[in-house]
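Think of it as A, B, C, D, E, F and G in the order they're written, each chain with its own count starting at 1.
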Amino acid sequence: MEFIINYYNYIIVVIIMMLGLWGMLALSNLVKKLISMAIFQTGIILFYISMGAKKGASIPIIKQAYDEHHHPIHQTINNMDYANPLTQILMLTAIVVGVATLGLGLALTQRVYSEHKSLHEDEILETLS
Amino acid sequence: MQTMTSFLPASIVLVSFIGSVFVFFTKKNENLREAWTFITAAINIVLLFKMAKWVLAGNTFTYHIAEVLPGLPLFFKVDGFGMLFAFVAGSLWVVTSLYSIGYMRPLKEHAQTRYFACFALAISATMGVAFSGNVLTMYLFYEILSLSTYPLVTHHQDAEARGGGRKYLTFLLTTSIGFALPAMIITYLNTGTLTFSNAGIFTQAIDPTLLIVLLLLFIFGFAKSGMMPFHVWLPGAMVVPTPVSALLHAVAVVKVGVFCVLRILTGVFGIDLLSSTPLSTIVCVIASITVIVSSLIALTQDNLKRRLAFSTVGQLSYIVLGAGIATSFGVVGSMTHIAMHAFGKITLFFCAGAIFVATGKKYISQMVGIGKQMPVTMIAFLIGSMSVIGLPLTGGIISKWYMVLGAMDSGRLWILIIYLISSLLNAAYFFPIVYNAFFCKEEDSQFPNKIKEAPLAALLPPVITAIGTVILFIYPELFLNFAKIAVGVSK
Amino acid sequence: MQFITSFILLVPFWFLMSGKFDMFHVVLGIISITIVSLWFGNMLIQSPKKSFPARLGEIFNFIPYLFWLLIEIVKSNIHVIKISLSPNIESCINPQFVTFKTSLKKDFSKFILANSITLTPGTVTVRISDSEFLIHALTDEVASGLPGDMESKVAKVFNERISK
Amino acid sequence: MIPFLYGAGLFLLINMVLVFIRAVQGPTVIDRLLSINVIGTKCINLIVIAGLIFSRLDMFVDIAIGYGLLNYIAAVCTAKFYQHNKTLSPDSGASS
Amino acid sequence: MIEQAPALIVVIPLISALFITIIGLYQPRVSWLLTIITFALSSIFAFICLKQVVTVGPISYVFGNWPAPFGIEYAIDHLNALIVLMICVVAFLVAIYSKHDIIKELGDKIPHFYSLFTLLVTGLLGITLTGDAFNLYVLLEISALTSYALLALSGGRAYIATFNYLIMGTIGACFYLLGVGYLLINTGSLNMADISVILSSNTYSYTVLVAFLFIMIGMWTKMALFPLHSWLPNAYTYAPTSTSCLLAPLMTKVSVYVMLRMMTSVFNYDYIFNVLQWQHIIVALAVIAILAGSVLALRQDNLKRMLTYLIVAEIGYMVGGAWLGNANGFTGASYHIIADGFMTLCLFLAIGCIIYKVGDASLSSMKGIFTKMPITMVGFLIGAFSMIGIPPTCGFFSKWYLISGAYEASAWAFLVALLISSLVNAVLFFRIIEVGYFQALPSEEPNHHHPKITRDEAPLTMLIPLLTTAGLLIGIGLYTADIVTYLIHPFIKNFL
Amino acid sequence: MILGFDIISLSLILLCAVLALFIRDLMGSVIVFGAYSFLMCVVWACNGAIDVAFTEATVGAGVGTVFLVSTIYSTTRIDTFKKNRLLKQLFMFAVVCVVGVLLLKTVTDLPQWGDAGSPANTHLSAYYIENSIDQTHVPNVVTSVLADYRGFDTMFETCVVFVAFIGIFSLLRIRKSKTKNAATTSPTTELTLPPHQEVDSLIIKTASHLMVPFMQLFALYVVAHGHYSPGGGFQGGVILGASLILLAVSYNFKKALSILSEKKIILLVSLGVLIYAGIGVICFFLGGNFLDYSVLHKILPATDTIMARSHAMLGVEIGVALTVMVSMYGIYLSLSSNGRFDKGL
Amino acid sequence: MTLIAIILIILGLFFFFGTSIGILRLPDFYSRAHAAGKADTLSTILIILGCALYYLDYSHYDLASFNVAFKLFVIIAFVFIGSPTATHAIMDAASSAGVEHWSKDKDKS
């Protein structure tokens, strides 16, 4: 039980990723493939975020005091108090990349549909052969 | 003995190459085009003579082209053997060019420009092989030769030519990439060098099994030498116009193959290594089998060119056999035999071509009594076949003599027997032709009793080469000395 | 005019959001507000000719309406929850579509009316076509009580005259 | 107070599971849309509560606003889809 | 400006892509010129970098002036300086080449094409130069997205093919990202050099293995190693010719480079070859890839499609070479990246010319092509010779090293596969040559009077890149020793 | 991190994912997938990753759903089922299981969830947290790392958006009037859209009137205050774009294009990246490395090197916002009108 | 103050519970939309209001906290406008798409 609680995120990550991967490879509908792709990507994002989480830490925005010229006053900052910013930045990028890929995939889907009048992979392959 | 760096070898290769380019771009004017051929051939000869003088004095030329792999440059090195071969190729090129004109023009062959250009390119590559200083360079020019002769082989561009061309390239490329290339690389990895040297390059101890494998890979890798079972391309390529067969079988292609094998045997393995290990026997056995089998096949052929082709296969194995004996005399003999056989065989091919030009006949059975119509041609044919068989008054005897000497030196009597049998077989497949040509019964003769030779341009070359064959008997030193220098035997 | 009005409307929004009053952020704010007002001022303020006091009046009228609406919302929630928690749902509801015509003219007042109807007990606006409201009512009594006094309240807020 | 907020959040989540049952059940797509929309709105609350638990509500509130806006837009878009595409069952849907 | 050269290599195309888009709104035809200028400049800077690397040693360029593990670093060593130069030159040549082709195939989408084109190359350049594992992912995605768009531009069957590519490419990129995640969780760093240092000071755990595995699988998917190759042939076949000319030489090669890079600068020899000991499996995979690629190529009738299968085989060369685990194999793999890049380029350019003039690239339409387009065919022949491995073209030398490596590692299957593939290539290309050479004639005429096939060459903007590439193939071949001693060996020295 | 929230919402997420993949009606799966993203966003907020949560809420859930819906609108909702697929699915299931087991085996090797002492949480990230304020004066570490320490990444991230837009635009755009090669484009590329009626919804329109300006201002606020609170260029840009999308949805394309014409869209989308890259290039000319903002203090008024970084980050964020806004809008327009730019969702 | 906040939140939760039950139990789409549209809005408003109060109290009514409170009001305002609109849109969509509505008569027959 403790194991599951300690590693719950990671287990879910694996399951989600594999679900997405399976969907990408096995499902026939192009839009569903893309949705699976997005699921796969979120799985990875969840993985990164999970590794950056810290028990008892706050968000990575530093509580800062400022002087009258609006310049920050120097203070010592403890790494343990704030969540990991690095993984978050990486994942910001990953999300944007994900949505860009999704958009492009959707554009392609539309074109495939107008070309083959179907979104079903097997049907499209049938029309090609 | 001194080594000098000189652009000369490279220039010979380049001249032919440039000649080929010129030929290609002067397709409009036939005379100008062929003038280029002759001009380049003449320049080549001059350059060759210039070099020959130095080489005979015991010097070697080197020229470093480019260092393509670290420690493994492309470079030319001219020694006696290379010189010998270059001489053969260069001088016969002139004759063949002349013959080509005489052959192509009357038959109104198409795409003559391409033909001459590729011809020059092939010679360029041949020279490259002759002068190459290491296996890599040799391999390079070997491949270029294979590719540049492809348009020649498929000159007719019909279904038959296609089949022949396919066979040609399949065998040559398969063997060179499949066998020679790995052999070369393995050799390099084991020795660190690929430069030819008379002592061989396998200086440190090498696994004997590996050596055997390498030997086989090399011998079969240079399949232009026609070792059985990779000889198939050779008769297959007989569909070509006769001058090309002449080039293929007498001058450039097959000789390059044999040259390469000889170079490998002497320059890479070295005579000492060969004779001190079972390698020598292996080479001899392979070559002997080829000699006998090909001669037997030649006996059964009715198409004159095919018979000549199988004869070539046999003769090539002769040469390899000579080197395989691994004694100085044997090697000298086999080197010289390249030249002797070249002159002899090219005469034969020229004659076959002349017959075709004059009468359109291809088959031996149709040539009964031809001597009455084309006496000059058939006399040249006779001389050529004598040289191939190895009878006195022709150059062939000289080289065979050395080979026999070599065989006796090595103390392997069975090789002598092989030589004997094969000579007999040679005689068996050549003399009936000549006999039937001149001495057939009146009623069997298929030709009118009227002299009607081929045009002069087609007639002259066989005569020249036939005379050359005879001259080589009188002055064998012309080539013999090169060979002796190459092997290091005193003159 | 639209620009100025929307600018004035947006300024407090920005500064209450921002909460930073140093020079840098104020300038940023002004720039942002200007951009938005220039670009979308005509969208926020649909009737450019209306005078400023009239606008203020609308806002003041709107506040009591809002309170009334809040009470109605709470009522409606209690109503919905009563229904959904009642053990026998099917007996206490009788869903039906009801239509009625409104005499409100302005789009904005129609919008307020529609949303108010949605938030008040038992009714949801489904569609407005011209002046006809299609409404889904959950029970019979609310269906019969439409549109009630809401329409007049809305009209009062926006100074509209209704024909009833 | 924090445990209370924690409990409140958990209660919200459990309720979301209940709403989600409707999304699973259907029966029509629009039912799903409705329940998902409700879940979306509740997520705003959840984020605000999470902000309080982190005691950094000033930071979380921006997300909540953005979230509300985007949830609204997504819902409107989907609704618009059905307004254009006047059928519910996919089989007779856009194939006309 | 010289010390900024590493950044400029990437920044110039990036900015020019934006300008192309803007100017393209008003002057679509200018975009071609801009693209050419861009890559000329990039090539110059790449060359400066190369020179500097050779004389001074590896360069490190940090963006934003943050020290290496904290900021993003461009680590330019001997090999990637070379590859960057190759990418720039290839892009330059394809840019010149594309002028007429694009006008013919895409019509009014010219500025978009060039913008995407430039960005694609930006991405590839960045991938090659970067020393940051995550930056690599972003650039990977840039190049991937642009390539999806570029591939699909020609329409028709390209759409579904590209869609499949998109799915596979995303899987590859995601796997890579996952691998980087596992590295991050182990080391807390993203800088390759830094990761390497941290990794080698720790014991290798199971997670490191998974990280390595996922990065490799990701890259194999991207480079279309055999069982994962299914997307490649269709995607490249149905694409606009200029796109396939650009993508075929670069995309897969850069992925191979990433694999090499990961093996060398993140993990180390000891881990890969002594701890994991997968080399036998992967070389076996490479063997299968080579054989399968060759055999499948034999079955194709369309030249473009045939070439795509050859790429699959060539990928096997490089992967196998890299995993032989010795200097020669690694040299072969690295050198083959360059060689194969130009080889593929040459062939694709030639086929592009043929398609431009003849209309399609099926084998039957090649009849009499030698008479019709002799210059194009010269280029094609040289490319084909390089593919087969005939000296002095560079294809021979890469094969040389690969065979050497295979021999040293006693990977006999790989050696044989290399040879077989060479032979299959020979068969393939000579089949084409035969068709082009022979079927010109109506054959049965007795006097061999052939109907004149008029010469009809592609425009000069297409021929010049083709011949340049062909020349480069030979030139690179002749300078192999320099490339190997001054660029590849210094790179490998640290690894082995 | 809030454990209970996480566990329940993750379970819910899993359900959503499964549901999204197995609903037959594509609209249904898109809707459920929207919920999936929203819930994901909650998880991230609970894990302390608020910038990610913000981005996911805007980019992933909001705009992503809109894109999916537009695509389905332009194509079809039917997901036909064929039996012969089953074998492939089973095979893939086996493959995926293998990979999954491989990954599950690593789980125990990983540091525990929320372990502050794991390498990932100590090496680089500690440096950023401890030095961000001193080196850049930006309390939001995410922003400072995003725009400065790893600004080069972000530039390309913006570029990705740009690429996506240009790619989609060039793929889909069909110009009716001046297609010279109309004969070459096969008639099949002309898609038969469902019969289109203008749906004139007064309520939605009026609501958007009210909301759009405030949304815009809020978005600009998010961009401007990225240093102090979550948000920044991407999130702000997406909200800006989303507000435009809202307008386009509630009105029609004519209105939509009158706000931003096609030409302007292309112009602005490049301009945004250009601002970013341009700031980097200015750094060149001032003698710094690419994107070394500290040299900008030479031209920015009244700033030292550290404030220069802070201010340049804002400039960069504006560029990002511009690109993201316009490209999201442009992508929506392309997708929903199937490239015709005349009528759509 | 905290107490008021707690009461508000609990009320909000209660309403939300009602919503979920309603969504689950009500027989047809339109009536469910009633539950969703109404209770959802109110519960959100209540919970956020409670949070705002609590936060003000917690941070001792300083300037920054009013800022936050304002933002929370913005949320409320958006929900106030958005939620009915969304409900309306969905309803309209349903009726356009032709979702059958439940009625007593039909159920009986």
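Rule of thumb we're sticking to: a contact is a pair of C-beta atoms (placed from the backbone, for glycine too) under 8 Å apart; a residue touches a chain by one contact, two chains touch by 3 or more.
Computed from a predicted model, the values in this text were never measured in an experiment.
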Each chain counted as touching chain F and chain G at once: C, D
Partner chains that chain A and chain F have in common: D, E
Dominant interface by contact count, named by its two chains: A-F
Chain whose Cα centroid lies at the greatest distance from that of chain A: B
Inter-chain centre distance, chain B versus chain F - centres from mean C-alpha coordinates, in Å: 73
Centre-to-centre distance between chain C and chain A (centres being mean Cα positions), rounded to whole Å: 38
Whole-Å gap between the CA centroids of chain E and chain G: 57
For chain B paired with chain D, centre-to-centre distance based on mean C-alpha positions, whole Å: 87
Where chain G touches two or more other chains at once, by residue number: 19, 21, 33, 43, 64, 67, 71, 74, 78, 81-82, 85, 88-89, 92, 96
Where chain A touches two or more other chains, by residue: 17, 21, 25, 51, 58-59, 61, 86-87, 93, 97, 100-101, 104, 108-109, 111, 115
Touching two or more other chains - residue numbers and ranges from chain F: 26, 30, 48, 50, 63, 70, 72, 75-76, 78-79, 103, 110-111, 118, 120-122, 124-125, 128, 150, 153, 157, 160, 163-164, 167-168, 171, 189, 199, 201, 203-204, 207, 210-211, 214, 218, 228-230
Which chain pairs touch, all of them: A-D, A-E, A-F, B-E, C-F, C-G, D-F, D-G, E-F, F-G
Residue numbers on chain D that touch chain G, as the complex places them: 1, 4-5, 8, 11-12, 15-16, 18-19, 21-22, 28, 30-31, 33-35, 37-38, 41-42, 44-45, 48-49, 51-52, 55, 57-58, 61-62, 64-65, 68-69, 72, 75-76, 78-83, 85-88
Chain F to chain D touching residues, read off their complex: 2, 4-5, 8-9, 12, 15-16, 19, 24-28, 30-32, 34-35, 38-39, 41-42, 45-46, 48, 50, 53-54, 57-58, 61-63, 65-66, 69-70, 72-73, 75-79, 194-197, 199, 201, 204, 211, 215, 218, 222, 229-231, 235, 239, 242-243, 245-246, 249-250, 345
In the complex with chain E, residue positions of chain B that touch it: 66-74, 108-110, 136, 139-140, 143-144, 147, 151, 154, 156-159, 161-162, 165-166, 169-170, 173-174, 177-178, 181-182, 185-186, 188-189
Residue ranges of chain F touching chain E (in the complex, touch as defined): 102-103, 105-106, 109-111, 118-125, 127-128, 148-153, 155-157, 159-160, 162-164, 166-171, 173, 175, 178-181, 185-186, 189, 263, 266-267, 269-271, 273-274, 277-278, 280-281, 284, 288-294
Contact footprint of chain D on chain A as seen in their complex: 58-59, 61
